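All chains are identified by letter, namely A, B, C, D, E, F, G, H, I, J, K and L, in their written order; residue positions are counted from 1 within each chain.
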Amino acid sequence: MKILVLHGPNLGLLGRREPGIYGFAGLDEINRSLAETAAELGVEIVIEQSNHEGELLDLIAAAGDEFAAIVINPAAFTHTSVALRDALAAAGLPAVEVHLSNIHAREKFRRRSLIAPVVSGQISGFGPQSYLLGLRAAADLARRSGIGD
Amino acid sequence: MKILVLHGPNLGLLGRREPGIYGFAGLDEINRSLAETAAELGVEIVIEQSNHEGELLDLIAAAGDEFAAIVINPAAFTHTSVALRDALAAAGLPAVEVHLSNIHAREKFRRRSLIAPVVSGQISGFGPQSYLLGLRAAADLARRSGIGD
Amino acid sequence: MKILVLHGPNLGLLGRREPGIYGFAGLDEINRSLAETAAELGVEIVIEQSNHEGELLDLIAAAGDEFAAIVINPAAFTHTSVALRDALAAAGLPAVEVHLSNIHAREKFRRRSLIAPVVSGQISGFGPQSYLLGLRAAADLARRSGIGD
Amino acid sequence: MKILVLHGPNLGLLGRREPGIYGFAGLDEINRSLAETAAELGVEIVIEQSNHEGELLDLIAAAGDEFAAIVINPAAFTHTSVALRDALAAAGLPAVEVHLSNIHAREKFRRRSLIAPVVSGQISGFGPQSYLLGLRAAADLARRSGIGD
Amino acid sequence: MKILVLHGPNLGLLGRREPGIYGFAGLDEINRSLAETAAELGVEIVIEQSNHEGELLDLIAAAGDEFAAIVINPAAFTHTSVALRDALAAAGLPAVEVHLSNIHAREKFRRRSLIAPVVSGQISGFGPQSYLLGLRAAADLARRSGIGD
Amino acid sequence: MKILVLHGPNLGLLGRREPGIYGFAGLDEINRSLAETAAELGVEIVIEQSNHEGELLDLIAAAGDEFAAIVINPAAFTHTSVALRDALAAAGLPAVEVHLSNIHAREKFRRRSLIAPVVSGQISGFGPQSYLLGLRAAADLARRSGIGD
Amino acid sequence: MKILVLHGPNLGLLGRREPGIYGFAGLDEINRSLAETAAELGVEIVIEQSNHEGELLDLIAAAGDEFAAIVINPAAFTHTSVALRDALAAAGLPAVEVHLSNIHAREKFRRRSLIAPVVSGQISGFGPQSYLLGLRAAADLARRSGIGD
Amino acid sequence: MKILVLHGPNLGLLGRREPGIYGFAGLDEINRSLAETAAELGVEIVIEQSNHEGELLDLIAAAGDEFAAIVINPAAFTHTSVALRDALAAAGLPAVEVHLSNIHAREKFRRRSLIAPVVSGQISGFGPQSYLLGLRAAADLARRSGIGD
Amino acid sequence: MKILVLHGPNLGLLGRREPGIYGFAGLDEINRSLAETAAELGVEIVIEQSNHEGELLDLIAAAGDEFAAIVINPAAFTHTSVALRDALAAAGLPAVEVHLSNIHAREKFRRRSLIAPVVSGQISGFGPQSYLLGLRAAADLARRSGIGD
Amino acid sequence: MKILVLHGPNLGLLGRREPGIYGFAGLDEINRSLAETAAELGVEIVIEQSNHEGELLDLIAAAGDEFAAIVINPAAFTHTSVALRDALAAAGLPAVEVHLSNIHAREKFRRRSLIAPVVSGQISGFGPQSYLLGLRAAADLARRSGIGD
Amino acid sequence: MKILVLHGPNLGLLGRREPGIYGFAGLDEINRSLAETAAELGVEIVIEQSNHEGELLDLIAAAGDEFAAIVINPAAFTHTSVALRDALAAAGLPAVEVHLSNIHAREKFRRRSLIAPVVSGQISGFGPQSYLLGLRAAADLARRSGIGD
Amino acid sequence: MKILVLHGPNLGLLGRREPGIYGFAGLDEINRSLAETAAELGVEIVIEQSNHEGELLDLIAAAGDEFAAIVINPAAFTHTSVALRDALAAAGLPAVEVHLSNIHAREKFRRRSLIAPVVSGQISGFGPQSYLLGLRAAADLARRSGIGD
């Protein structure tokens, strides 16, 4: 079973970007933790990061043929990208939305997720742990739906 | 007379994507119908699809020198892209906005088009037929404005 | 196959009324163009205009027995008449909403159509051409639904 | 004691119109039930239906001289007609607003009644039974106010 | 010079209707005062009242050929009728909107006039005197515009 | 057939509480009228009043095993209790919402009922008669649904 | 009978200020017309202009002992000054609000008058004629109320 | 290390209540899964359910002395209880908010959580798995904060 | 003269709860200050605290027979409890609303008090002193109204 | 210790101005009560009233050198004057906002205080007693902050 | 060429007022920098500060005869003074709005400028440098418009 | 010291695009002026333009290592791109937002800048001069912060 993990815009800056909000862990460190959890869960993961909305759309459009589920941190696109919402709705795969920070405790415009209504669920506020819980949820969802068996 | 037909984000998934909303026709099928109608109307068409807002902006910026009108299905960008609106307003060409689904009968955020106020008109809800009516309208507008003669 | 074409309030003033917005074509001229397009499409049309919301409701209530589709320019009632919406929803016929001007580029209150969510689709902004495209769409919808065969 | 029962726009279509919402009972059937309940309550009723707001206004304006109370299903006018509100406020008679469907469980615009603040009370959601409960309430109000004795 | 005076819905009830708000003067009494003021101003007036929006639209549509100005109390239609607004905008005549009560001191929905933005001005709150001031304003406007000379 | 009648918070104060709004009838008097109407309708009723939202939730959770329908005056909880809404939605019984006063004619926050969208219907504004009509409606609904036979 | 006429902020610039909106008449010219109309009506007028809200408050606070009515063009303070509203409400005199331009046809923030709910009525849109109609209305109100006799 | 698990109102009905939204698992089944995960994580859990807001407040007020973290499904109180928010903010313990259903994909009023801004994070949409992920997150948070060591 | 002092939800945590907002004084300390001020004013006080809205309602419902005034800190219920508002409105006693923190300087949802419109006045922002000022105000109000003499 | 007491606009009219809202006490009477309470508290007071926002700003700007606290009834400026808010925020003195009437029970626009977020606290609704409680609170705040010792 | 520099309310407090927001430079220091930049640009400047809106209006009304441009920091009046907006719109001079702090990063009510739509442009957030850039912009605008040559 | 100047979407069309709003200067011309001002200020500049949001994000992410400040005209992205906001917030560099047109005087949606709250300041409305003032401000900010020394 393969799961696609997508990091949205500006996440390449993790560790350097506003550590009071996003913590000191860099993206590499999160990716290593993801790999460990994937191994523990017995799933294969592919990880991508992009600052380009169009690239994320392309990756999701192509995901259906290869992956059993998607874990996505849409970052800033969470609040602005109807295109990402449409792509995920069209993908036909279980998807989990994750956030490092607690988006419900920040600026008002960050409390609305355009993505949440079309994914299975949302995990927000646990730092890098949000990704690990999200991977766990995605593997569980994929197993129940029988995708990727 | 040449008319540019632009398909916005996720439209490459047509036929596979939520057929209850968007129908079973794929993009190729729509493009073939467009070609037939173009032939009937005696106009030449160029068709592009992109998931990248920037590419659509580039195409529109370059359109003025080559095309007499634009038919565009902005898809998700309809509701979020001020940049697309500005590009169309700057293009100096008659433009027609088309939608497969009836966007006025869907989620509230889909009812607002940032694009509509800067194009000539909008056609929404007729499936692939929306494109064909849009092409007809664009040809008519171009003829009246004398562009591309 | 018979199609009912309904002109809403104040459309009798066309040609005289704010030509900057609605153009110089009078209602008679639009009706003649409609007749020509109907002939081209091989459909029969009946055209009515009324300033009375109640008369439009009566016409729609009676349409089901005689017509295969409706083309309606609800004009000012577009934005205020729940009764017209309910009548069209109850009619059980494919219906197409048309507007001469681009209602999405005008006063804010004109951007909301109470009618659009219950009809098949909306065409707005092409002047008299909106009616002709609307008739074309209505004929297409009626043929697909098999009404009036 | 005479009570005026008013059916608003499109109610002539009952039984044919969206039976999932309004049920299968036609207006004649509701009127027969009303007659039976009137007989049980010992009141006389006059029943009118109109698609024309102006006709309803005329009927209400004339009601004060003849009737002791009004039962009205304003249908679509519930949400749009300040004129109907003003007419009822001016009538000087107890009035009961009834609805077949539960308007509070439908589209947002149907949840606001312009009529409710000027009538005695509102009954909504019980199908034809709403009328019968409304007639019962109207008879009770008329008796208490001593109108029509 | 002829001026058309239009009384909107429910104004036939004046004197009987909520006298705390609208005063004890009946419509006949207001019409007599209007006739006196018209005589003083040297203008001819025609007065109409209707509960039917469609009739008011018909009267306004026909006014351009006969009248130099319109004085209108749109009553409840003030707040709901886009059709009346469009008719007045199309009429091409100076128009004055009058109200017996001070609409700015009443329920919130009465504070918005759909009519005011398309007429010359609005007079509100002076009881029957509102009509007389309105007639004076209309005569003045007509004289300045040279209509009806 | 047994019907549960629930009085929400502060209703124990009836007769003493703001009689201009709620009338002079005390809760005992209303309960006696309910008993008479129940006898007339041939149904058994159990009546409870509580100021504690949690107690109302407990009563509704347990109602499914014993009752065929619920009549509830949620009083202040109408406008604030999502928990009560969820309990009624989960109860799987026909339910009728009643109000002594006309909530649509009072403060703006009283016009929104969180309860109404999940019950069969709402009766508001008839004083103690609201309960009697509500009991009648509940008995009718229970009979039609066959619950409690 | 003495009537106080108050000109609010920036009205000293009349004739020079945005003549497309406010016309070419200067304040002196308006004051001369006011004097003529006052003479015709047999009333005495005192005219003041101030750019200082506090001065207008002082003038109104002192008006009750000397004047029978107030005609005020609050200009920009119309939309922002609760203090002016409170002063007029406390003055205990009939007051008439006048505007040169049609404030209901301008920017959205100009459509709300904080003053209108506490005065007798509002006259808006007739240029200098607004003042003359306002003086006429004020004299009429003062006579009816018997103030200043 | 002890963790308090709180089930909010109506959760005692799980399995019976709207299974299309909440699934078929009863509360006992969820509690058993929680016990298994607790064992796996090496933490002790105490589980409470209450329909009474006041009881939940009492439990949280007392939690600080005994527990290292809280997992709470506030259910309906999520959207209405400022008191619960204040109690959790005052508790001085890491807390995790969980929801069975995806609250961001339901009615608009369910999308706002009063609780989320004062807890560490929120997990929503994974059915009973939401609780298990929440317990995992809570244990992780408690370990990092050193509470309960 | 007896005055009832009510502490709302979570106030038992004072001194421990967010001292940056609520200060370091515990509830016992506030109660002792209240007792001292009561002695100074020559009034008797009874103090209650509850986390249960229903208990506060019960206490207020019973207060009319024993107390001359109420001082209440509704805490979180200030912003959510229509039931508390209704209970206070029904109590027929002068009531004073007090808050330790300046609620007008905190989160937006804390700025709206459902309670304030039905009590005599509100005192907010002075820490424990708010209670002492509130007691003083309540004693003054009770003396003026002659209740409890 | 010296305390500055500021009366905002129109308060010179007290006793004459809408006594149903503001009571029959004139400003002199309130000032005498303030003097008595000041004597009781052992503080010196200086009292100013102005209808001019600019004068109030000047007084507050100069207050820091002479006074230990400010008691201010901003009256109408409460709701409109950002300048007053900025002046108080800049003053660096404890300040108490007082209102004669219960502003939370009046028109909607009076419920928002621009001043409250920058002062220590607000007292509203107790008539002249609001000033006396405010003076007491100000003296207490000044003593605690050590200003003016 | 002469340029008028206007400092709005409370700016006399600069250096003492909330230095975290406005910096430590006093108004004298800013005025000296302005004089230096004026000398560099070869323009003459006149600087005024007032806490009185009316004085600012008077200064602007008189500016047209003497000055070629205006630089204004409207401070608190930015958000509340329609009168200032009207004065600037009437002045017929290029005007530049400046702010020391970044008003777009502060309280929501500070983000709306009533002034900005009627001036040439706005400079915000650069401390005293905002004034110097503003003077530069004003000199440039005056030169291009040819005023004051 | 090096400063990065970023031109957002559609700015490549300058001079051709809506010159009534944006002026006749092309991007090359603006860039030459920037080079001249940079020379005058003794700073080095690098200028980039992109229609692709992702490219702008990449440029900003890489800027921290090379540049001392950023001048950005985010054009259409001003109003829609949370990603751009996040990138600038993460960049750790002084940034200045510039606009050719006065965005506060245009469509409502252009008045809100998502960018402004995270940059040092905003300059809007001075045509190409906005860039030059912005460069001046950026150089000043960089010098004060000591970046790039």
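Following the convention adopted for this analysis, a residue touches a chain if its C-beta (ideal position, glycine included) is under 8 Å from a C-beta of that chain, and two chains touch if they have at least 3 such contacts.
Keep in mind the model is a prediction, meaning the values are calculated, not measured.
**Q** Give me the fewest steps it takes to get from chain E to chain L if each step has to go to a chain it touches.
**A** When the steps are counted carefully, the minimum from chain E to chain L is 3.
**Q** By that same contact rule, can you tell me which chains touch chain B and chain L alike?
**A** Touching chain B and chain L alike, sorted by label: A.
**Q** Rounded to the nearest 5 degrees, what angle rotates chain C onto chain D on CA?
**A** Fitting chain C to chain D on C-alpha positions yields an angle of 120 degrees.
**Q** Decide which interface, F-I or D-F, involves more C-beta pairs in contact, and give its chain pair.
**A** D-F
**Q** Can you check how far apart chain G and chain H are, centre to centre, with Cα atoms defining each centre and the answer in Å?
**A** Averaging C-alpha atoms per chain gives centres 63 Å apart.
**Q** So what's the Cα centroid distance for chain H and chain K, whole Å?
**A** About 54 Å, centre to centre.
**Q** With chain centres defined as C-alpha means, what is the inter-centre distance between chain D and chain H in Å?
**A** About 48 Å separates the centre of chain D from that of chain H.
**Q** Quick check: what residues of chain G touch more than one other chain, meaning two or more?
**A** Chain G, residues with two or more chain partners: 52-55, 80.
**Q** Can you name every chain pair that touches?
**A** By the stated definition, chains touch in these pairs: A-B, A-H, A-L, B-C, B-L, C-D, C-E, D-E, D-F, E-G, F-H, F-I, G-J, G-K, H-I, I-J, J-K, K-L.
**Q** For the complex, which residues does chain G have touching chain E?
**A** These residues of chain G touch chain E: 102, 104-105, 111-113, 116-126, 129-130, 133, 136-137, 140-141.
**Q** Can you list the residues on chain F that touch chain I in the complex?
**A** Residue positions touching the partner: 8-10, 12-13, 16-18, 50-55, 75-77, 79-80, 109-110.
**Q** Which residues of chain G touch chain J in the complex?
**A** Where chain G meets chain J, its residues are 52-55, 57-58, 61, 64, 80-83, 85-87, 89-90, 92, 114.
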